C-alpha cells in the first residue's frame, strides 16, 4: 500500500482498526498512523490550497491590472504632446470596456463548454455567492475571472499604441468592444478554454500568442487600414522619427509593465497551494526577470555596435520584447535558456523596427515588433526547453491565431472605416487629437519646440 | 451531534474513547473519527488563519499606502505648473502627518473603549511585542494599525486636492494634524469602532462615508472658508477652466488609485483565513473593478452626448466616482448591481461638477463630486443590495457624519483664518505657490504658454 | 514531558499505545492526544510554512524590484531635462545588468561557502527544478535569489543618481557590472553570507550598511573621481543649484521607494510561516512607515526654521533618509524609537547637503547624505533598541564596509578614467547627455527657460 493511499485512507482507517479490531487491519492501521505522521509534514489541506490559489489570482490580477497603467504611461510618453490627453483617455477607456465586455460575454465564450471546439457559450458570468465555500474548483471563481479579465485588457492596450495619433476615439472604442468581447475570447477558447489547439498539444503558458500576438495582429490590421500618420513617411522618401514627448513616462511605463509581468507569468501557474507550485512560481519570476534583462542588454550592445548611440526607446522595447518572448514558456527553461530567449527577443526589436518603416507601416510605439514578432518567437521556441511541445504544432497555433485575428480585425476596421470613419481629419491630426477629441490638452502650459 | 461540534471535540474524544472504552463513547468516537477525516479537508488552523489575515492587512495596507502617491500624481497633474512642487510637498507631508497622528492618538480614539458611544480613548497605540504569538485577535495588531492608518491619509488627501493653488502650507498641515488625529478617528469610532451608529445598524463596508465623505466635507468647508482661486470666477461672470498642467500624471494618479482600491475594499473584508472570506475578497475585487469601469463608460457616453467631446479629466473622475460609490458595499451586490452603482457615480460627476461652479465653490481637482457626492450615493444605496441595511439608518449616518465633519472643519478653518491666515497673498498666488512656499519650481525649465 | 515534545511524538505514539497497549504507554498516549488537540490550534506544517516563506520573498521581491522604477523617476526628476533620457536609460540598464551579474557570479560569491570568511564561491546559481519539493531550506531557492537580486540593483541605483549629468554611459555600465557582480556580493558575504562580521556579531537587518552605505561609498568615490558638473561650483565661488526638471516625477519616485521599502525591510524577516514571524513583519511595516514619516516632518520643521521655506526636494530626501536609517534595525525598536531614528535621519539630510557643497562634492540627487550618512547613522544606532548588538562591533562593520567599498570603487573608477574616460566632453555636457549618448531627448517638444 503506497503512502499516498494510506494518507487518503487516513484516520478513519485507524479508528476503524482500533475500535473494531479486524485482524487484518491492525498492521494496516499502524502503517496508516505512520503515514499520517509523515503527512503531518504536511501537505496543505484543500481549503488552505484554495486560499493560496485564490490569493495567487488576486495578486497576479492586481499586478496585471497595473499593466494598464504601464501601457498608458508608455504610450503617453511615446506620442507627441498634442495627443497625450487622447492617449490617456483611450487607455483608461479600453481597460474599462475590456472588463465590462469580459463579464457580459467574453469569459463564457472563452471558458464554458468549449470541449475541444472553436468557441464557448454566450452569456454573462456568475461569481460564487457571498461566503461561497464550494471547494471543487480549488479557487474562487471571481478571482479567476479577475485574473483572466486583466489579460484581455492587455491585448487591447497593444492596439492602442500602434494606431495612436490618428485614430478617432469612438471607432477605436468600438473596435475594443469587439476585440475584448469576441475576438480575444473566441481565440482564447481554442487553447486556454480547452479547444482544438489544446487538444492538438499547442503550448502557450501565459500568452505570447494568445495575448500578445493577438493584440499585435489586431494592431497590424489597424495600422494598415488606418494608414500612417501625416508626415511619418514624407513623399520625398525616408522616415521622419516624430519623437515621443516624454521619455521618463515611457520608462515608467516599461517598469510598470515589467513589474506587472511577474503577475502575468507567475500567476499563470494558476496555483500556489503546494510547495511544487510555489517553487514553480518562483522559477517563473526569476526567468521572467532575466529574459527581460537579457532583452535590455542585447539591445544596448547591438545599438552601440550598429549606431554608436543607444536609443532609449529601443532599449525600453528590448525589455518588453524579452518579456513577451519568455511568456510562452517561463517555467521550463533553465536560466541560460531564458536569457537566450529574452536576448533574441531584444534583437528582434532592433532589426524589425526599421523593417516596418521600410514597409511604411506606422507603429507609433513599436508594439508590433515587441508583441507580435517577439510573441511569435517566444511561441516557436517553446520546444527548445519544453519536451512536451512540438515545433510543428507551435507553428500551427501561430498561423491559426494570425489568420483568425488578422481576418477578423481587418473586417472590423474596414467596416468602421466605411461607416464612421476611423481616421481624424488632417486638420485635427495636425492640431492634435487632444483638442479635437477631448477638448483637454495634455500639457496646456508647455510651449512646443 | 453536529459535524462542527465533533470537529471541535476532535481527537481527544477519540483517544478517550479508545483508551478508556466507555460504552457510550464508542459510537461517538467513530463519528468523531469520520468528522476529523472530513475536517482533514480541512479548515485552516487558527494559526494559519492568523497568518492569512495579517497578510491581508499588510497587502491591503501597502496598496492603500500607494494611493497616497495616486493622490499626489492626480493633484500634481490637475494644478497649474506653478503650484506643482507645492502640491507634491503637501501630499508627502500629509501622508507622514497622518501616520504619526494616528499612532499618537488616532487609533485609540477610534477603536479603544468606544462601546456604543461617541469617542474612544486618548493615548498612543501599542503593537504586539517582537515574535508576539497571541492568537486571540486573529491577526497582528501592527498590521491592523497599518491598514487603518493608510485610510486616514486618504481622507486628508481629499482635502489637499480641493484647496490647492491658494492654501498656505502650514495652515494646511495644521488642519491635517487635527483631521487625522481627531476628526477622522472620532467620526470613525461611531461606526468601525463599535459606536452608536454601529449599534443602530449603519452600514459602510470600506468607507464611502467614513473616509470619502468625511474627507469631502472637510474639503468643502475648506473651499468655502478659503475662497476660490483668483480668476476662477471672473467678475464679468462665467467660469475660467484653469486647466491642469499634466493630464498623463493625472491619469497615472487615477490608475494608482484604482489599483490601491483593491486593497481599500478587498482588505476591508478584514479576513482571508477561510475559503468563505477569500471568496468574498474576490467578489469585492471584481465588483470594485466593474463599478469603476461603469463610472468610466457612463462618463464617456454622457460627455459625448452632452458636449460632443470627452473631457479626459471628467472621465478620470468618473472612474474614481465609480470606486467611491461601490465602497460602502462592495461585497453584497450582484455584478449588474455593482455596475449600476458605479455608473450612477460616474453620472454624478458629470452633473455636479458644473453645479459647484454655479455655486462658485472652487474645487480644483473635483474631489467634492467624487468623494462627497458619490460617497453619499454609495452609502444611501447600500440597502439596494444588502438586506441588513435600511435606508433610514443610512440617512442618519450620512447626516451625522456631514454635520459633525462640517462643523468641526469650519471651526478649524475659521480659527486658522483668523490667526495664521489660510490663504496665500494675491501676489504669491499669481506667481505660484512653488516659489513662495517651497522655493523650488515644479518644472523650472519649461516655459509656460 | 513537554508539550513540544509530545507534539513531535505525535500520532504515531498514540497509535502505538493503542494498538500494542504497552502498560507504560497508556498514560503517555493520553497526554499525546491532548497535545495533538492543542496543536490542532495549530502550527502551520513545514509545507505550509514553505509556501508562506516563499510568498514573502516573491512579494518582497516585486516590491523591491519596483524600487528600480522609483530610483529612475527620482533621478529623472532631479536632473535637468537635457539629461533625462540618459538617466532613464542608465536606470533600466543597471537593473538589468544587476540581475544578470547576480546570477552569473554574485549570488554564490555572497552566499555559498563563506563560512566565517571574506568571500564565497565563484559560479552560476542553480534554482530548484520544476515542481521542486525539497523542504529543507524552508523556501524556494529561486524566490530567495529573486529577493536578494533586487537588493543589488538598489545599490547600483544609488551610484547612478550621484554621478548623473556628466558620466558617460559605457564606463558607468562597466562600473555597474563590477559593483553588482563582485563588490556588493563580496561585501555582503561578510555579514549575510555568514562571514567574519556575522561571526563577530555585527547587526544589519535589511541593509543600512550592506546595501545603502555600500552604494553610497561607491557613489562618493565616483563623484570624487569624475568631478563636479560644469557650473555647479562656479570659479567665483558659491554653489549653483542646477534645479531638477520635474518635481512631481521626483515625488513619484520617492513614493515608489517608500512603497518598495515595505518589501525591503518587511521581507528581510525572511519568513512569515509562523504567527511570530508574520507579527514581526507587521511591526517592521509600521516602524518603517513611521521612521519615514518622522524623516519628513523633521525636515519640514527644520527647513522652515532655518530657511523660512520648505524645499520640496529636501523633504523627499528626508523621507528616504528616514527609511535608510530604520533599515539596519526595523524590528526591535519601539515606535517612539523608530520615530526618533527616522527623525534624526531627516535632520542628517538637512545638515549634510550643504556640507557636501562646501567640500565641492557634486551629488546630483543627494544620494550620499541619504544612503551613506543616514545608513551609517542607522547602523550605529542599532544597539539603542537591540540589546544583542554592540556599538563597537557596529563601528567595526561600518568602517570595514567603508574601507573596502571605497578602495575598490576608487580603483575601478580610476582605471575607467585612465582607459575609456569616465566623463562626457564639455560640449556634450553642455548640450546634454541625451543627445550625445542616446540620440533621444527626454522632452523633445518643451522649450527650456
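Letters A, B and C mark the chains in the order given here, with residues in each chain numbered from 1 onward.
In this text, a contact is a pair of C-beta atoms (placed from the backbone, for glycine too) under 8 Å apart; a residue touches a chain by one contact, two chains touch by 3 or more.
All values reported here derive from a predicted model rather than from experimental measurement.
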item: Chain copies touching (chain B, chain C) - same or different residues, decided at half shared; value: different
item: Rotation, 0 to 180 degrees and nearest 5, that superposes chain A on copy chain C via CA atoms; value: 120
item: Computed distance of Cα centres, chain C from chain B, in Å; value: 30
item: Set of chain C residues in contact with two or more other chains; value: 14, 18, 48, 59, 246, 252, 443, 446-447
item: Interface residues, chain B side, partner chain A - complex; value: 14, 17-18, 26, 29-30, 32-34, 36-37, 40-44, 48, 52, 59, 63, 80-81, 243-248, 250-252, 254-256, 258-259, 262, 266, 272-283, 285-286, 289-290, 292-294, 296-297, 300, 304, 307, 309-313, 315-316, 319, 331-332, 335-336, 339, 443, 446-449
item: In the complex with chain A, residue positions of chain C that touch it; value: 10-12, 14-16, 18-19, 45-48, 50-51, 54-55, 57-59, 61-62, 65-66, 68-69, 72-73, 76-77, 84-86, 88-89, 91-93, 95-97, 99-100, 103, 124-128, 130-133, 135, 140-143, 145-146, 149, 169-170, 173, 246, 249, 252, 434, 437-447
